[in-house]
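When the chains are written out, they are named A, B and C in that same order, and each has its own residue count from 1.
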C-alpha cells in the first residue's frame, strides 16, 4: 500500500521503470534488435539515476552542510558522466559532445521552461533571488567562451568544425592541448565556485537549508536512510547506471540507423533527456510548489556544472580512455545553440521573476532547436 | 480650420501625403520612370497605413478590451504584411526577408532610439515598467533563435546563405520544411502570447487602459467613430494599401537599379521605414509626453510581432503564393544585425530607464547598420 | 625618506621602473637583441604612462570639473594611442588592431576581474551604481556592432578576415570607406557621450567628485601641482611615451620571432597590458577600498573609450600615416572575443553588485582567451 502510493508519487514514479533494467540485460544477451535495446536501456537509466540522486541526498543529509553540499554537486550529474565515459571508450566523441551540449540546453530550456510554465499556471508571477541565479548564469558565460573559442580556433586553422554526421574526428594536437588547458581553467574555476557556494557565500544558495536540500524526502514522509544504507544504495545505483550505460552506448549507432535519426540527434536530445529525467522532474515539482529559487538552482546550476565540471572532466579522461583525446571543438549547431541559450539564461535570471508565458517561450526555443537538430540528421 | 489644425497635428500630418496616392496611380498608368513611381508610391503608403491604424484603434475602442486588443495587435503590422505579400507574389523573396529584418531593426533601433532621444531631452531620466518590456524582449530572443538556426543549417549543409545581391533563391526542400515547422512553432507561441497579454496578464500591459490605447484620439479631441464608419474606413485603407503596395513592389527592381542602390538596401531600410512610418511617429510623440511605457510597448512589441507573427505568416503564404516556398534563411548581414539588435533590446529593456544619450546610441547603431547595408549593395 | 615611501606606495611603484627608460635607449643604440629591447622598453612605458596619468589628473584638478573631466577622458588612453600611432606608421596594422581589442578585453576582464576579486575578498558583496555602469556598457554594445559589421561585410564580399599571422592587409577601398564612415559615427557618438557625462548628467558619474577623481593624490598626501608644473610634466611624459613607443614598436617583429610568439599575441596581450598597467593598478587599489563605482568606471569606461574614441581616431589617422588606410576588419578571434566580452560586461554591470567569485570568473575568461591567442600564434 505504502509502496504503491510511493510509486505513484512525484518522487516515486521513476521506480516504475525498474523492470526495464533486467529486460535491457536480457535483450542485450539474446541479441535483440538495436532499436529495442536502445529504448529499453534508455528507460532503464531513469530509475538508476533516480536512486543515485536519492542516495546522494540521504548521504548529504547525514554529512552536514559542507561535505553534504559537496557530495550533492559532485554526484549531481554522475549518471550523465557515466554514460559519457562509456561513449568515450567506444570512440563516440561526437555523441559525448552532443550529450554535453544537450544537457546544457535541456537544463536551460526544457527543465527551466517546464518549471516556469507549470509553476506559473494560475499564478500572476513567481519570484526568485536574482543574486544567486546571476552568479550561476555568469558561469554559463564563462562556459560559452570556453566552448566557443576552440571552435573559432579550428575555423581559422582551416580544419573546420565537425559535422553533425561525424562519429569521431581526430584534430591536430595543438587544439587538443588547447582543449586540455581550457579544461583545467574551467575545473579550477569550478573548484573556486564550490568554495564560493559551500563556504564563503553559503547563505546565498541555502537561504532555507532544511526545506531546500531535500525537496522530496520530507514531503513524502519517508524515513531518513542510515549512512551505511546510503552508501550501499549509491554503490548499487552506480553499478546499475554503468551496466545500463554500456548497453545503451553499445546500441546507439545501430539504433540511430534503424530509426532513421542521426547519432547527433540521439546524443543531443535523447541521451541528454534520459540522463537528467529523474532530477528534472524534481525541478518541475518544486516549481509547482512555488519554490522557484530551488527550481532555478537545479536547472541553471546543473547546466553550469555540466559545462564547468563534466565537460572538462571528460576532456581529461579522453587522454586516457578511447582512441585519441577529445578536442573541445563543437559543431556549428552546438556552438550557435549554446551561445543563444546562454543569452537566454542571462536574460531570464536577470529579471528574478517568471510567468507561464516565459516558460512557454523557453519550451518553444527548445522545440525550434530540436526541429533544427532533427532536420540536420536526415 | 479644424481640418487644417488636424493636418498639422502629430496625428494628422500623414494625411498631407494623400495626394501622392492618385499621383502614384497616374504615374504608374502613364509608365513614368520607375524611380518616380517608387518614391511617390512609397510616400502614398504612409497615409493609407495611418488610416488603417486609426480605423483599427477606433474599432478596438468600440469592441471592449479583449476583442479590441486582439484587433489592435492583429492589424498592427497589416501594412507591412500587405506590402510583403505583393513582394512574395512578385518572387522578390530577398526583399521580403530584408523588409522583415528591417522592420525589426527599425523598431528596436530607429523608433525606440528616436523615442528615447526626443523623450529624454531636458529630462534627467525616463522610467518604464521592466516586467512588461522584458516579457516582450524575451520574445525577441526566441525570434533570434528561430531566425538564426536555419541559417546555421544551410551554412553546415553547404548551400550557404543568400547574398545581398540575390533576388530570390531556391533552397532544398528540407530547409523549406524546417522553415515551415519553425514558423508553426512561432505562430503557436504568438497565440499563447495573445492569451498572456490579453487575458491572464492583461493588467501588465494596460496599467492605465483608457489613456494608453488611444494616444491620439482623445488628445486631439476628435469624435469617436461608429463601428460602421470604422469598418468602412478599414476596408478603404486596406484596398488603398494594397494598390500602393502593388505599384511600389512593381517598381522596386527597376528603381533600385536606377538610383544605384541594392534591392537589399531598399528592402531593409526604405520599405521597412515606409511601412512603419505613421505608427513610429506615434511612439516618438508619446515618448515626448513622457509615456515611455507606451513608447517601449509600441517599438519592442511591434518588432516582436513582426518576428513571431508576420515572418511565419509569410513563410506559410509562400507555400501558396509566388514561385516557390520561402525558406527562413537570411543573409549574413541580416543574421548578424538581428542578433546584435536583440542583445541591445535586452540590455535596454532590462534597465527600465532611459536617457537621451541611450536613445542617441541606438540611433548610432542604426546608422552603422545602414552604412554597412549601403556599402553592401554597391 | 619621503621618496622611498612614495615609491613603495600603490601610486608610486611605477616610478621604480624609471631606470628602464635610459636602459631601453642605450640597448636600442648599441643594437642589442630585439627581445631585450622589447621587454625593457615595454617596462619603460609603464612609468611614462603613470606620469602622464598623474599630470593629467593634476591639470584636471586645477581646471574645474568641466574642462578637467574633458582632459581626463581625452588623455586617459593617450599612451595606448601613442604606441598605436607608431605601430600604424610602421605598417603594423594587425598589431594596432590587436592592441585595441586587447585593451578592450583587458579592461573588461583583467582589470574589472582583478578589481572584483581583490575587492571582494573578505566582503560579502560590493555594490555600484547600475545606471552609470549600464550607460557605459551600452556604449560597448554600439562598439560591438561597429567592430563586427565590417567583418561580416568582408566575409560576404569574399575577401575573408585577416589571419592572426598577418602583419598588414590591404582591403579594397569600399571597406576602407565603410570603416571611415563608421569611425565618424563612433566619434560623433563619443562626443555626445562627453556632453552627457560632463554636462547633462554630470552628477551620475561624479556623485562625490572630490573623493572620486583623485584616488591617489589625496590619500598619499602629496602636494597639488601648479598648472605650469602639470603642463611641463605632461609634455615630458608625452615625449617619453613617444620615445619608448618608437623603440618598442621597432623591436616587435623581431622580438616576437625570437621568443616564438605571434605578433598577434604580443599585440593583444603584452602591448595592451603595458599601455594600461599604471591606470589598471589604480582600479584594483580603489576596489580594495570598496570604491567599486570608481573601479567599474575606470575599467568599463576605459574600454568604451578605446572602442569609441581610440579605434576611430586611428582609422582616421591611417588615411595620413603608414602605407595605406586601416580597415576596421578584425580577425576571427578578435570578433568572437569582443562579442563575448561585451555580453559579459553587460551581464556584470546589469547586476550592480559583485563578489570575489565573479571577479575570478572574469579572470578565468581572460585566461581562456589568452590561451587561445597563445595557441593561435604557434
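Here is the rule we go by: a contact is a pair of C-beta atoms (placed from the backbone, for glycine too) under 8 Å apart; a residue touches a chain by one contact, two chains touch by 3 or more.
Everything quoted here is computed from the prediction, not taken from an experiment.
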{"item": "Homomeric contact subunit A-subunit C: same or different residue positions, threshold half", "value": "different"}
{"item": "Angle, in degrees to the nearest 5, of the Cα rotation that carries subunit A onto subunit B", "value": "120"}
{"item": "Chain centre separation in whole Å, for subunit C relative to subunit A (CA means)", "value": "40"}
{"item": "Where subunit B touches two or more other chains at once, by residue number", "value": "343, 350"}
{"item": "Contact footprint of subunit B on subunit C as seen in their complex", "value": "130-131, 134-135, 137-139, 141-142, 144-146, 148-150, 152-153, 155-156, 174-175, 177-178, 181-182, 185-186, 188-189, 192-193, 195-196, 200-201, 343, 346, 350"}
{"item": "Residue ranges of subunit A touching subunit B (in the complex, touch as defined)", "value": "124-125, 163-164, 331-333, 336-337, 340, 343-344, 347-348, 350-351, 353, 355-358, 360-361, 364-365, 367-369, 371-372, 375-376, 378"}
